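Labels A, B, C and D are assigned to the chains in the order they are written; within every chain, residues are numbered from 1.
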Amino acid sequence: MTLRVGVLGTGMIGQDHIRRLTQVLSGVDVVAVNDIDRARAATAAPKGAEVFDTPKALINSDKVDAVVICSWGPAHEEQLLDCIAAGKPVFCEKPLVTSEAAARRVIAAEVAHGTRLVQVGFMRRFDADYRRLKKVIDGGSLGAPLMYHSTHRNASVPEGLYTSDMPLNDTLVHDADISRWLLEDEVAAVEVRVPRRNTRGKDLRDPVMVLLHMGSGAIVDVEISVNIAYGYDIRGEVSCENGVAALPNRPAVVVSDQYGIRQAIPEDWRERFIDAYDQEFREWIVAAGQGTATGPSTWDGYAATLVGDAALRAVDSGAREAITMIEKPALYGKAAARAA
Amino acid sequence: MTLRVGVLGTGMIGQDHIRRLTQVLSGVDVVAVNDIDRARAATAAPKGAEVFDTPKALINSDKVDAVVICSWGPAHEEQLLDCIAAGKPVFCEKPLVTSEAAARRVIAAEVAHGTRLVQVGFMRRFDADYRRLKKVIDGGSLGAPLMYHSTHRNASVPEGLYTSDMPLNDTLVHDADISRWLLEDEVAAVEVRVPRRNTRGKDLRDPVMVLLHMGSGAIVDVEISVNIAYGYDIRGEVSCENGVAALPNRPAVVVSDQYGIRQAIPEDWRERFIDAYDQEFREWIVAAGQGTATGPSTWDGYAATLVGDAALRAVDSGAREAITMIEKPALYGKAAARAA
Amino acid sequence: MTLRVGVLGTGMIGQDHIRRLTQVLSGVDVVAVNDIDRARAATAAPKGAEVFDTPKALINSDKVDAVVICSWGPAHEEQLLDCIAAGKPVFCEKPLVTSEAAARRVIAAEVAHGTRLVQVGFMRRFDADYRRLKKVIDGGSLGAPLMYHSTHRNASVPEGLYTSDMPLNDTLVHDADISRWLLEDEVAAVEVRVPRRNTRGKDLRDPVMVLLHMGSGAIVDVEISVNIAYGYDIRGEVSCENGVAALPNRPAVVVSDQYGIRQAIPEDWRERFIDAYDQEFREWIVAAGQGTATGPSTWDGYAATLVGDAALRAVDSGAREAITMIEKPALYGKAAARAA
Amino acid sequence: MTLRVGVLGTGMIGQDHIRRLTQVLSGVDVVAVNDIDRARAATAAPKGAEVFDTPKALINSDKVDAVVICSWGPAHEEQLLDCIAAGKPVFCEKPLVTSEAAARRVIAAEVAHGTRLVQVGFMRRFDADYRRLKKVIDGGSLGAPLMYHSTHRNASVPEGLYTSDMPLNDTLVHDADISRWLLEDEVAAVEVRVPRRNTRGKDLRDPVMVLLHMGSGAIVDVEISVNIAYGYDIRGEVSCENGVAALPNRPAVVVSDQYGIRQAIPEDWRERFIDAYDQEFREWIVAAGQGTATGPSTWDGYAATLVGDAALRAVDSGAREAITMIEKPALYGKAAARAA
């Protein structure tokens, strides 16, 4: 049985997901598209797909079994609520929504619906390296995780478009989500420290160092560098009670030449996480085919929103900014397991 | 458009390919199966697939666009010739055939047909690490390849079933094929040396060291160890005029614990090459959908047969056993490019 | 010409330095020893060495060209001042002294003397790996250093003897000193964060995370884990404007066996820094032979004292504790060069 | 007590050893030098050392406790025999001598003397990496060694001075000696294969591949590449019954920049083995101080001579050239232990 999918938003990421759904993955068809730019939607639509005038029309169409949201952030809340109202599984690119209040409204709607419908686009959880890392931590042989060192380096960001807030409310969400997932824990408070700036970034606040204080007491320190020139370098190391586990280097030819013994580094997130994106949708297709969702949830999107907000407060205050979450609905599983 | 595939042979590898074609890959359906054990075929058949009484009936059925051969080696020649007669694209697991004469007959048939129809199951060529390695060599910055060190280690082989000839006429074909492909060269002669035996293998001739003398003069030395206990470890290093390129370690969590700083090693070929198998069929599906074949060809299967035969002669003679190939039909591309 | 050395303090570290000076290094003789435990001194004394009744007598003896201080910390100030009064070069194990006031008094005396006489025992500066790391940073191709990640892990510490203050006023000094040296910068302020505790350490405050805010704005984050079981693991990574430089793994056999592909980790600081200790004394012998000192200075010992004090304040206050230094005497070189 | 050493031959290597003995190591003085070029000897002589007119006069001088031979190979036999006649310990740079007959004469003289006096300059045995590798093999947990892969790469060799025989009778001796030592085995036969030539070496036979058939049946394959441009790269991997042990990369800063994640490679043997040379002499000084010798022996020099001779025969014949050794005198320890 083939899952009939409608895609909202046909910009760069929407087009990439359409390619993935139609050319890479099995058991799925893209049957409907919508974009505020109707011409762009028409161009992006695969053969046979219908171009809808409005997101709501697409969501409610009988042709559409499940929805992929790739529109811009401020549009997400309404689209998510419409999907939930229609009882349709939905994949939503990050950010889930753009405010804590909106996140709570989506949670309330999904809880009222009674089963999970939403999967949020935190693709790192589907990366084979991160999954193996989690398996080692979960295995327990290293003892409890006490610190997690997360490194998030981009070769460059678009000058002018990427602002000083974005390391904290955009880039950081990946580190925050993967920390929550790896450690099975919530972020209780956030601190931000700003080192000497990278002169390559002009006026940009870059790098930043973020401390996430987890519910269990574990501390996550994050280096976010967005103009480091040499490549897209994602590292993670969990320091536990009696051992340490870390992401490996990416597989690349080991060349010995005049530059030394060396391995290439990915250029950007597309290269680094291409397999994770595919796997993310593979699992979504299976769950959506059963009328539900697995993987990163509305709750996770809510948590990410809170961390981003707290990080922005923290960079202004210089202080430790606490995060207060609503009680976790049973729909999203038990509360963080590793909390002391 | 969906490629309708018939599978000949539903043993272990046939079942795995049926799983791959039906559950992992897109654009393909398994519509027909056949096995000498009809009950086994019926069990392995996906829902809606027809169980055929004979390979020939399956091959000639209008339902079937393309064929996957997973039967035992001695049956391959006839099945391949029937596919070519029917003008149907065919994926054939190794070995292509079991004698040089048979290989020549399949070549003759395919050449007479005029376009390529056969892809042989040398999956290493589809492995991302090997592909990146070839790209570096082809890039030319390291100069001409002069030596290739290939290491082929199995944790264990089934006692009694795996004989002393098999390192040379079964295991070696992967190293021989990947050497030919990486170096874009043919094997001109083979030598075999037998070191002190591994006592874990009882009467088995293990390990063996094989020297492949390539047409260009490059030398490939292969270590084949099939009872080395610690894992399935495939390595390859190309020594060139002004630098060296090698396969990386497999990506695995970097654990620091009482056993040191360490990374896991794959247990077997399934774990090591699972992505390569998927990719192998992705590319086959595309080509078969166009009525042809790409990737490892009948010519490559013929070459592998010759190397295996020469290796068996060489282990007996202790001498350098030359390989004489027929002239390469234009269908299979130009003769080895790197030959001096 | 052979340097005639007197050793003050013949406990474990004193004995090890006597071994080093008499059996490993050239151009040096141990001619005099002293210890509060005279019997221990007599036992530790190499053949022909005189056992002195008091440190002062040893320091002022005509037999003694230069002094090595391995006594306990509270005795250092008086011994250092006596050495300076005698105009004799002196190697002083860490800590230089045990209070800021004492450090200033030693500085004042040495400045009054007019040339450097004191080398402090920060052996990491003599480690080949750290030296190569500094050379890369100094080379400038990576741009300015913005963050430094320092990891300091001990397999275990003696229960009962090692207190919760010691990660901050004892262990941390090595990370602080190497940060100042690598970055050519002073520590301007210190923060301490305490993660979830390692249950293996019982009541010990372990691990701790320390942030050193450098004068240039660079931030150093230090993980100190003193009960991590798996080994003595010292890591360091400098994140710069357009690249990153890190200490390598220690050289160790690459074993592939049932535990994976792996390399052993040093058991303790003796194994890790044995060559650095030797080199530290090699350079001291050369300088002392010329009546002076190079390497880590009284100023560096003073800075380390300030960092330890600030770290203890910071763990209590939870706040950023600033460090105020006296003006740097010209004797100790120019002020930190990389400060913005 | 200081060992008084006389140095024969004050060319490049002689000068380097004089520097080592006088500036790096302890317990030793260079009191005498000799060279066929008396002016060069005078220049190289450390302060206070006497320049002797003849090797024999130096060897027999009462001033001289032990001798270091750095003269050219053809002079070694006479100098060694004179040292043995004088009962003086002697360190002899490779080659021990230049013919099998000469090697036997030195063995006969030393055996007649009754105790070991000669240490041959195979410095790899003193390298920390090789020693750790041997310790792992000797530990036995990996089972018996079956194959050893030795890689010997030079960035370049002096054009015109370095001839096509030298990879086999000069460069190879290090791989042969280290193979014998690691595997505790003798070389029973040698084969040489010549791959496609490196065009950077013009008329030079480079690279070569050498197979050493050890007495136990273990096979050693050696890649010797002497014009590979990128650096001096010495690798070694022992393939055993149930695991593998290999030399690590050299410790070097891990740099992440536009060229990838990379570590520098040594430029030449001086950089790679500088510590091994120091250690080689440390151990020699201790043994010579006791009037004897340890480490690589006259027997090892004899074996190296045989391997070089066999390799030259093998490259001409293309065949397996057997090595026949005289019975091993008890003076040189038991016969190879690992032979089956």
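Following the convention adopted for this analysis, a residue touches a chain if its C-beta (ideal position, glycine included) is under 8 Å from a C-beta of that chain, and two chains touch if they have at least 3 such contacts.
In this text, all values refer to a predicted model and were calculated from it rather than measured experimentally.
More contacting C-beta pairs: A-C or A-B?
A-C
Where the centre means the average of the CA atoms, what chain is farthest from subunit A?
Using the mean of the C-alpha atoms as each chain's centre, the farthest one from subunit A is D.
So how far apart, in whole Å, are subunit A and subunit D when each is placed at the average of its C-alpha atoms?
Roughly 58 Å separates the two chain centres.
Please report how many Å separate the Cα centroid of subunit A from that of subunit C, as a whole number.
Distance between chain centres: 44 Å.
Please compute the C-alpha centroid of subunit A, do the same for subunit B, then give the distance between them in whole Å.
39
If a residue has to touch 2 or more other chains to count, which residues of subunit B qualify?
229-230, 233, 242-244, 249, 252, 255-258, 263
Quick check: in the complex, which residue numbers of subunit C touch subunit B?
Touching subunit B: residues 229-231, 233, 249, 252, 255-265 of subunit C.
Give every residue of subunit A touching subunit C within the complex, in rising order.
143-144, 146-147, 149, 153, 193, 195-200, 207, 209, 211, 213-214, 216-219, 221, 223, 225, 227-230, 233, 239, 241-244, 340
Would you mind writing out the residues of subunit A in touch with subunit B in their complex?
23-27, 128-129, 132-133, 135-136, 141-142, 242-258, 263
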